[in-house]
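Just so it is clear, A, B, C and D label the chains in written order, and each chain counts residues from 1 on its own.
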Amino acid sequence: MRILFLALTLLLPGLTLAQKPKKTATPAPDKDKQTAIASLDSRFSDYAGISKQIWDFAELGYMEEKSSALLQEQLRKEGFTVSAGVAGIPTAFVATYGTGKPVIGILGEYDALPGLATEAKPDFTPIAGQKGGHGCGHNLFGTASMAAAVEVKNWLKASGRPGTVKIYGCPAEEGGSGKVYMVREGLFNDTDVVLHWHPGSQNGADAGTSLANKNAKFRFRGIAAHAAASPERGRSALDGVEAMNYMVNMMREHVPSDTRIHYVITKGGDAPNVVPAFAEVYYYARHKDREVLQSVWKRIENAAEGAAKGTGTKVEWEVLGGVYNILPNVSLAEVMHQNLKLVGGVTYTADETAFAEKISQTFGEGQKVPITNAALVKDFRDQSDSPTSGGSTDVGDVSWAVPTVGLQTATWVPGSSAHSWQSTAASGMSIGQKGMMVAAKTLTCTALDLYKNPALIEKARAEWLQKRGADFKYEALLGDRKPALDYRK
Amino acid sequence: MRILFLALTLLLPGLTLAQKPKKTATPAPDKDKQTAIASLDSRFSDYAGISKQIWDFAELGYMEEKSSALLQEQLRKEGFTVSAGVAGIPTAFVATYGTGKPVIGILGEYDALPGLATEAKPDFTPIAGQKGGHGCGHNLFGTASMAAAVEVKNWLKASGRPGTVKIYGCPAEEGGSGKVYMVREGLFNDTDVVLHWHPGSQNGADAGTSLANKNAKFRFRGIAAHAAASPERGRSALDGVEAMNYMVNMMREHVPSDTRIHYVITKGGDAPNVVPAFAEVYYYARHKDREVLQSVWKRIENAAEGAAKGTGTKVEWEVLGGVYNILPNVSLAEVMHQNLKLVGGVTYTADETAFAEKISQTFGEGQKVPITNAALVKDFRDQSDSPTSGGSTDVGDVSWAVPTVGLQTATWVPGSSAHSWQSTAASGMSIGQKGMMVAAKTLTCTALDLYKNPALIEKARAEWLQKRGADFKYEALLGDRKPALDYRK
Amino acid sequence: MRILFLALTLLLPGLTLAQKPKKTATPAPDKDKQTAIASLDSRFSDYAGISKQIWDFAELGYMEEKSSALLQEQLRKEGFTVSAGVAGIPTAFVATYGTGKPVIGILGEYDALPGLATEAKPDFTPIAGQKGGHGCGHNLFGTASMAAAVEVKNWLKASGRPGTVKIYGCPAEEGGSGKVYMVREGLFNDTDVVLHWHPGSQNGADAGTSLANKNAKFRFRGIAAHAAASPERGRSALDGVEAMNYMVNMMREHVPSDTRIHYVITKGGDAPNVVPAFAEVYYYARHKDREVLQSVWKRIENAAEGAAKGTGTKVEWEVLGGVYNILPNVSLAEVMHQNLKLVGGVTYTADETAFAEKISQTFGEGQKVPITNAALVKDFRDQSDSPTSGGSTDVGDVSWAVPTVGLQTATWVPGSSAHSWQSTAASGMSIGQKGMMVAAKTLTCTALDLYKNPALIEKARAEWLQKRGADFKYEALLGDRKPALDYRK
Amino acid sequence: MRILFLALTLLLPGLTLAQKPKKTATPAPDKDKQTAIASLDSRFSDYAGISKQIWDFAELGYMEEKSSALLQEQLRKEGFTVSAGVAGIPTAFVATYGTGKPVIGILGEYDALPGLATEAKPDFTPIAGQKGGHGCGHNLFGTASMAAAVEVKNWLKASGRPGTVKIYGCPAEEGGSGKVYMVREGLFNDTDVVLHWHPGSQNGADAGTSLANKNAKFRFRGIAAHAAASPERGRSALDGVEAMNYMVNMMREHVPSDTRIHYVITKGGDAPNVVPAFAEVYYYARHKDREVLQSVWKRIENAAEGAAKGTGTKVEWEVLGGVYNILPNVSLAEVMHQNLKLVGGVTYTADETAFAEKISQTFGEGQKVPITNAALVKDFRDQSDSPTSGGSTDVGDVSWAVPTVGLQTATWVPGSSAHSWQSTAASGMSIGQKGMMVAAKTLTCTALDLYKNPALIEKARAEWLQKRGADFKYEALLGDRKPALDYRK
């Protein structure tokens, strides 16, 4: 999840000790949860190993072949039925166990980020020749979700209860909008509730949201000419890009203040002595309300077309990504929060403390927080209406297709930013692996609550229907384009 | 004529004494010319008086009611048939005398310029409350042309020769493109040659050209909104203007180097706290080749439309003026030049010298030239292919409708710029009036040569047909719009 | 007050009947208040007449000679000591009555707006030849404040209590920042509390705020040249303006979202054929936090200087206005609100209802509200931390110099915008005059509470000191410039 | 030489058969020239082989290690004294033979262009994995110059005359300004005349010029920030680039029309969700007058600094190249032209004709010319004052240090553009090699004339001194920077 949880870290520093709840005492875990937690603890080294394998694979979006295969292999061994290559994406899968209602889904991610290959050490040690790195901890993400699904399966099997668990193998979260294609394909249509989590630098289960996001590369084409000998014969594609940018910059005054628009010029010509026949600019636009976003986006497209007309160039654009804002579900978030408190945070060994301290020393002053925060759980807050952190995620689309709830756990040294070498390093060693297990346990316990208490699901669904609105009809922000399978190539 | 002769002054300082021709001896005037010159001399004070009356009227473009009426009255008195209000312009007229071929036309102008009301004194003395001033000497222009027409009539009458003389009363040269409507109306269709002249600060009859020019006001309309309370509801018309300008500025690299494009923002919003619902920018584009100009103009229009699209505004434009480049006629220019040499320049009295010296002292160093230059006549040069001065005139359109030739005379103190208080002052006293008589005499003598030597007309026509090209079809650059009769209101 | 109360109207439509308070019963007025209210009622026609005279004067900012003199004359008659021409402003005054503490100030305004001269009729009837109109109802503002001061004097005199009342005659609120010079001069240093009010289209006494505002004209100077003949010799001042605007438009992405920056081009060149030697752009910047505003402003200045450097022009700027945000005082607002409820709103006669209905029919759909709202008083709300309406006022500076509280009353037909012909019309007839008396009564009663209960003043001061901050040091946003006495000329 | 000769091809298509001179009969070669020409013919296959080796090396600017070594080796073998690594450039050299005056220099180049690796076949056949290609024929350039130097040496030796020949090994002509450093080092101080040539698609020895050129990368640095979460903390380096570009685009109106300014954005940010902390734009400016160029360049720098100031960024720039315009020497050009006529053009075999026809079929309509033009020699024209082709070359600096003259020969199929796959292919086979020998012969014969007729040198020097001006003092346009040895890495 891009930047979202990092920003939550910065915005919501209020933390309480898990064992000192402010308002309500955390109930002791029931027997089923005790069993599940114990089972997960017993398999710690297995799961740590799997997460480390994926960390080593460090495969970029839509190229997660080994990572996806490894997770599928585990799930098949545990008795899941696996549909691979769903939604036109070779590395996406859905693994199912059980029959009948309710159907609980769990999301798993496993793509790495370009340019963050670092060893799992507390000082910056780049790995030469390796393209990607797990700076967002998706190696932990996929593994914990798989672990939780397995534990839910164990309970379903042991209890003999009706119910189905599905784990969604979701590629290319980082800029690839992988889940959007899966939502568009209808893969969530029969699912009652979706659970997810995300690596982070603290433990919390707020009902938060994210920004809807649409992005595209605008490609201008002009006419090349020798820029000194016959510039009058040329039409500069770069002129088109700059004119578009100019009009978008003026537009900033005339959009809602909390809109976000940002761009980089990804191709600005080759050599100065040739009028550029091709130029490209990459735009993101975001707003917490996807309808506002769509109207702003239409105006950005108008700026592109106006720029082409005014500069004698041609333009076309490819929407590369588009995700909804997260529709928060407070009913589910409260359940998740209770289970997170029950599970508790991450306590470091002496070695881990040394590692964490060394990492922490690399932070700037404003970024430093006590590393013992990893053991805490944040108070619950309903963030549904608050200004968001600025981040976006393709979990957004899932949350409009099915009631969805998530948490984050302290897989990184408190104070770490997502997409940093520090988070990459921690994701590859025991600190990350311990945080991952907090997530696996909390997801499992939450699922158990939902299976055992259908009223919770009904309440969540009622809230979801009300928030989504009666007339809601899903249309992917990225339209009907095929998955951009080569966006990282 | 806007700026043209000023620039010629600066570019072509080479002057010779009229009495010292470099190559060919000037022949003595024949009897007819002697008679005409003597007649004009005898009526100096009448014509000086008429030019002074028009100087006092100082009527702006398309509002030259008294000036036009005064000239028409003179012409009727002299036996001309006057068609007034031609081409849909109340102050335009054509006055005709004689029958049969050849038909010689003479152009006359009489509009003043806004903001140049100055007394006819050698120091700057603004006339409070008067809107216009004759800073381009059109009071002299109209009077001399009328005087020449009268003298041609006298000769036609006395000689009994066949032939017709037409004087064209041409309003609104200064930005109004008056002659374009007259050309469009076909008023020059039966005329064989057109003569014109222009006040200036030296005497010369080069075969020069001018820039084709097209101009328009682009009016953008947006949506007003309180700029602090709800800027997102507004669409700034000024954004439209600035985006258009931006794209035109980038376009400068991609037009022929000798294109000229310039603009001012004539309306840029009212109060900063209101998003401007209206904004206006006034563009001129020029090139020596009107076809290049038209293709550049189309791109300027595209920039306007692209800007409107890209800023969520609407745009429309009104073409206010559009003139062709002058098609120079070397055959005719040589005839005109011979007659100018025969007539000679302007010699000052002691009082005029004092006036001129005082004026000259107000010039910057680079601008000063000997005031005795007023007595000289420039050597002839064929400037047809040279880079032009940057000026434009609606005589351009006439020159594509009929072979056309002109001269300038030293009606202003040498060194004076057109459109200055100095040229305004000189145009209202004897220096201007003497220069005017040089023009009247030269125009008359040139006309006499043409009536008496039809081969000259044939040669001029052959040159003209060749230069104009076989496929030429006149289309006014300002299209089919009606005269902008209120452009000075 | 520019736009502020209009926007409050739109943002806070919740109204309750004054006689149906939600939470607390309004106490009956005490004897002193009864006496004051009765006295004001008895002088209704006097005050209505004075407000009508000022409405007829319709004098623009810093030219309110007759209006100021009329108010001063009344105050002298009532025994006030008047200091006229304070703070370097001929039409500013301070009128004082009484001795000792506490010192209660009341603000009065009386400047008209350009371009809003309309008759006091329910259909749009412009008054030809009249420059200004009271579209913001300052004719009522000054009169009611004067009336309240007189009534306070009556009570001070009758009760024999210590205490001083000061009425501040404040010119040029509309864009002239008049009060800023008065604050800078120290005229509020010995005052304990300041009361003010503003005409509006509803009755309310919220603790609201406003935006700090700084504005200036940026004047660029280049080098004129003939734009066709020698553009390379010119340096376009308009280029400077457009480059500045461009950089400011890009800056919008990099300032806090709730900043407001808006501009109009007040001079964009004269004629297209001359490279503009002068161009001017008028900027406003606003933010609720004046320190953020100052840092943004510095960057706007940098954009101006950068633009001048980059375009070969020169720039200088004149800060025309600069006002602080209002520092709201909840303690005082609660007292004011109680008194407003006690006084009640405006009830229309049949004629007034007919007038109001006719006015209301001229409103767009979104703007219409029941005209009976004029009889209501809004519930109290603490708006201190809310996003503001987007408006700015020079009361802001007063509120940082002394604890300040205000109200608005329904002087205009409900739904009216400030600065409209509808508000101008109502300000000139009985509806406006009745609303004015609601203000006069509420101001008087509030003052009486404060004189009689010093603890209220202490509480207000404590709140004020806390909100202002320990290190606060007043520096006018417009620096040390002299009053721009000719800004409306 | 960048684009120069290509453009000459397009601009000056007038060709005459060498055997049909318009004005003067070409004298028969004297005995010395006959000997030299015969000697060169006899060594055709040696020189062809050397040029092919360099074609195969295809080494980019400042990395021409093998190419430079191969030429040096030949020269040493022939008895030249070689100074290698001159002017701080490892691949530059000066090879000298003989003693005493006059000293004739010959320039040789041998750098390849990036991205043009194509096989020597008449259809486009890229060579995978090869970085560069000889699309400007510098493999021929260096070889022919070396061959000429050797032949001059043979003559000096045989004749026993005093005199020195120097061959300058000049790296990195393509964008590296290699000769500028050699001029700056004073390597031409003792040389009397410099001869050069360039591959082309026709044979000619006009006295032409080129544009002075200065170029630099402007690097802006801002502050990174998450573009959605906290854009207000960021300062976009890309804003700096775009603001600079905007001001330069406006500047186009206000520089001499024949100035050329062009840019590409070489770095426009990384990811849209990060405010770019770094951005880079690469500018070229050119004018035929290097002083005009310098004043325009200063304004470009001002635009950069103004943009940085206005956008809150920092900027610095690195001048990568800077060359003077060529100072044409008509006296020398006439001598060169006579010798070129004497040598004659290139006649194709049947195989070469087939190759040429196949190449010619790949040209667009406007580009095609008769392939038999390769056998022709263009009439001589003095192009000193003409508008130039738009190209620039570091020969310019040499021509201000010493009287310099050049020619081009038809090494490429007539109609070919420089820097094309077609010119690359021809440079690697017999057509290019034959054209190269035309150059070697003409250079040799011209040198022989100069050695034998000192008056020619005196006349050339007089013309050169007069054109250069009395006050001339050389200052490299690229200042005192060290050679940009890594500009191609």
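Keep this in mind: contacts are C-beta pairs under 8 Å (C-beta built on N, C-alpha and C of every residue); 3 or more make two chains touch, one makes a residue touch a chain.
The chain lineup, named per UniProt: A, B, C, D = Amidohydrolase.
Bear in mind the structure is a predicted one, so any value in this text is a computation, not a measurement.
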item	value
Most distant chain from subunit B (Amidohydrolase) by Cα centroid	A
Selected interface, A-D versus B-D, where C-beta contact pairs are more numerous	A-D
Inter-chain centre distance, subunit A (Amidohydrolase) versus subunit D (Amidohydrolase) - centres from mean C-alpha coordinates, in Å	55
Approximate Å spacing (C-alpha centroids) for the pair subunit C (Amidohydrolase), subunit D (Amidohydrolase)	71
Separation of subunit B (Amidohydrolase) from subunit D (Amidohydrolase), taking each centre as the mean of its C-alpha atoms, in whole Å	49
Where subunit C (Amidohydrolase) touches two or more other chains, by residue	227, 231, 242, 246, 250, 253, 257, 262, 275
Residues of subunit B (Amidohydrolase) touching subunit A (Amidohydrolase) in the complex	231-236, 239, 242-244, 246-247, 250-251, 253-257, 275, 299, 302-312
Contacting residues of subunit C (Amidohydrolase) [partner subunit B (Amidohydrolase), same complex]	2-3, 7, 211, 215, 226-231, 238, 242, 245-246, 260, 262-273, 275-276, 279, 281-284, 286, 389-392
Of subunit D (Amidohydrolase), residues touching subunit B (Amidohydrolase) in the complex	246, 249-250, 252-253, 257-258, 261-262
